[in-house]
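Structure in structure tokens, see below.
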């Protein structure tokens, strides 16, 4: 597993490349030959309606689902058939939709799990760049004061927004090269969504993390994304800069619903 | 009064052992949602290994070490070979697999070690202390039994509360998917959980055997009492298992002391049914609802 | 949930080709089988009755042509099969596991022992019916408690029952005989019966053979009733509750009542089995109803294929005919008698685990699968799908 994490000959930039990825659940093809490249320091937003294959995309990248065909490359290293825990150690942090908080553990224990992954990555030498060496627990508490207040409480007392903060903070503690975010705006009040997305943008700008953001809430996502990709029934139907996508009325009406 | 005292003391000693056994069941239930009905048979088997070592001329403590190490290995092997394929599948399949293990191990023990009753040594004196001229049913061996259980409990609490490994094991038990996404090797944690549980189970098997007789079926009733204790405590809660174990130990001791020892199993059944019908989430569960 | 466990109901895919088979130019057994099917009565009950009648003829032939030793083995098999048939209805069809069927059999056996007083007492059929009724009553109580439980909880509760009930016999030792057990009077062979057998086969009817007849007669009756119950609305409701209790409840099925009914039917079978056991063994003793008996029954239904009556029959045959064979092998391999006797339960346990890991649908399920596959292959490659 450690050979997966070791830097390849290519320069470590945190570039995530997805090549003609195809995933099926039995007879249903959820992803059909999807190509996406997410670059370092950029937010790539994957948009689409329910059932477009967005969550499947992230689950396939992070190793929770086996693809039928295609490749997932991180800086040129093939991670396609690696188990989820090895992919996490290689530096891809998947923040799953909604249920990412382990509610039976305390807030701090949830965060410690992220920090444990970070320190094992540091030991394995797969986190070489100092600017992305991972945040410390103190920094995360500073970033999200509500978490600091409830550090000793069980995580199930947290509100939806606080849970989102917790899972993002936990991911940051592992010092990821790539952050996969699944519907971070789901079920949150618009004010909280704006707050979290703003924070995300700042993080990308300051830390240079690669973010692949999956969202139904296209308007908010495009407001912080650099690149937008539209999925429909498992296929990429549009790919452009976020600004151009937001300006394309036809596309917006056809696939994004705003 | 003296009888009440004796019955209570006996109940406490037995309760400690049931608590350990229930704890082993809870550890496995928490991580894999499986009730390990083979737990008793596994403990019986490792106790026989210890007896073989002791009868071979080694001390009780060597036997104890052998039983615990054998439990560790047996637990890990069982999880890897036969439990892993049914994990997450239909719950009836897992139940049947553990029952199959139960039958197979019991028969294997009878083949390898014989079906006759054999006495198992106790490491400490089995004569009751005398308090003010009255002999009470509390022996040096009961102190050892309770002490051993307490040591194991403290060690487990320390492991789960204060170590990174314990945190990872708990994470893997509560949410496999999230744990994998956080780089926790879930499979290894589950194997380790079964191994640890089997060690605790082995210890309880050995403590029950101490100063008493062993035969291949000697743990059969203990499975039931341990299960009742675990359910009483909520099946999810290690603390509940301990309290449940002590409660069951005391209640059954009173039944045995005042009504007749043949009714102990029936009393356990009655307690189980009462708990499941009246307060299915157990007396000490944290989560409000539980599907039984 | 029950997806892996059981494939009892004939799947639609299997029924359709059976109807189409005569038109397809399928030679060999397939066609003959289809022709046989066409000649069977149309009503399910008629078909079951015909099969039962054929089975009765087979039973008479087998019992008349085999040795007294085999006769007693068949008698043993009959009570295992009655109990296993009841258990397979409960576990396979309704999804409720029971490790307490040994205890329920004990209720039937002790009832029989108390009521059957040799001369001048109640006649045997009445005693057996009362045993079934008493056990059904106990089953209703257990079932009412069990209806709210599932999976491991139910297994644990019924395991507790299996451990607890023998203690009752010891506690009430004046009435129930304590550790030594309660002797069960051996029923007389009715003269009309012996005459009938003599008329048919010119054989005498010793008690052992008569008991085998009683056992198998009861078994066939039980199978007939259960088969009809399974094919009727009750069976469909049981399966619906097993497969998806939420959907079943939304469809207006009252889960609790359905579960209790399944338990009552299953317990009545266990009671009958206990009655037959009592008169065959001539003793009802706590040592005869240990957990091993309950787990043996579970082995029988799992190995045969959960939810299948034929599977229960096959599994019971295994319970009777496997131990002597395995024991002989053990003695041949140099084990002493008591060790070798433990080889059979060892094999049960290993088989339980292996069946669950390799073929959760049991013997009947595997046979069905193979049969379907071979038929599909014969129909040509065009109908085969890859993936």
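Letters A, B and C mark the chains in the order given here, with residues in each chain numbered from 1 onward.
Rule of thumb we're sticking to: a residue touches a chain if its C-beta (ideal position, glycine included) is under 8 Å from a C-beta of that chain, and two chains touch if they have at least 3 such contacts.
Just so it is clear, the structure is predicted and the values come from calculations on it, not from any experiment.
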So with touch defined the way it is at the top, what topology do the chains form here? Options are line, ring, star, complete, other. line
Pair of chains whose C-beta contact count is the highest in the structure: B-C
Identity of the most central chain, Cα criterion: B
If you take the mean of the Cα atoms for each chain, which one ends up farthest from chain A? C
Could you tell me the distance, in whole angstrom, between the mean C-alpha positions of chain B and chain C? 34
What whole-Å value do you get for the distance between chain A and chain B if each is reduced to the mean of its CA atoms? 43
Using mean CA coordinates as chain centres, what's the chain A-chain C distance in Å? 55
Multi-chain touching residues of chain B, meaning two or more other chains, are none
Interface with chain B, chain A side, in the complex: residues 62-64, 83-85, 88-89, 93-94, 96, 99-105, 109, 112-114, 116-117, 120-121, 170, 174
Inside the complex, what are the residues of chain B that reach chain C? 29, 34-35, 37, 82, 85-86, 89-97, 99-108, 110-111, 114-115, 217, 220-221, 223-224, 227-228, 231, 260, 262-266, 268-269, 272-273, 276-277, 280, 291-292
Which bits of chain C are touching chain B when the two form their complex? 1-5, 91, 95, 97, 99, 145, 148-153, 155-157, 159-161, 163-165, 167-168, 170-171, 290-292, 295, 298-299, 302, 335, 338-339, 342-346, 348-353, 356-357, 360
Residues of chain B that touch chain A when the two form their complex: 164, 167-168, 170-171, 174-175, 177-186
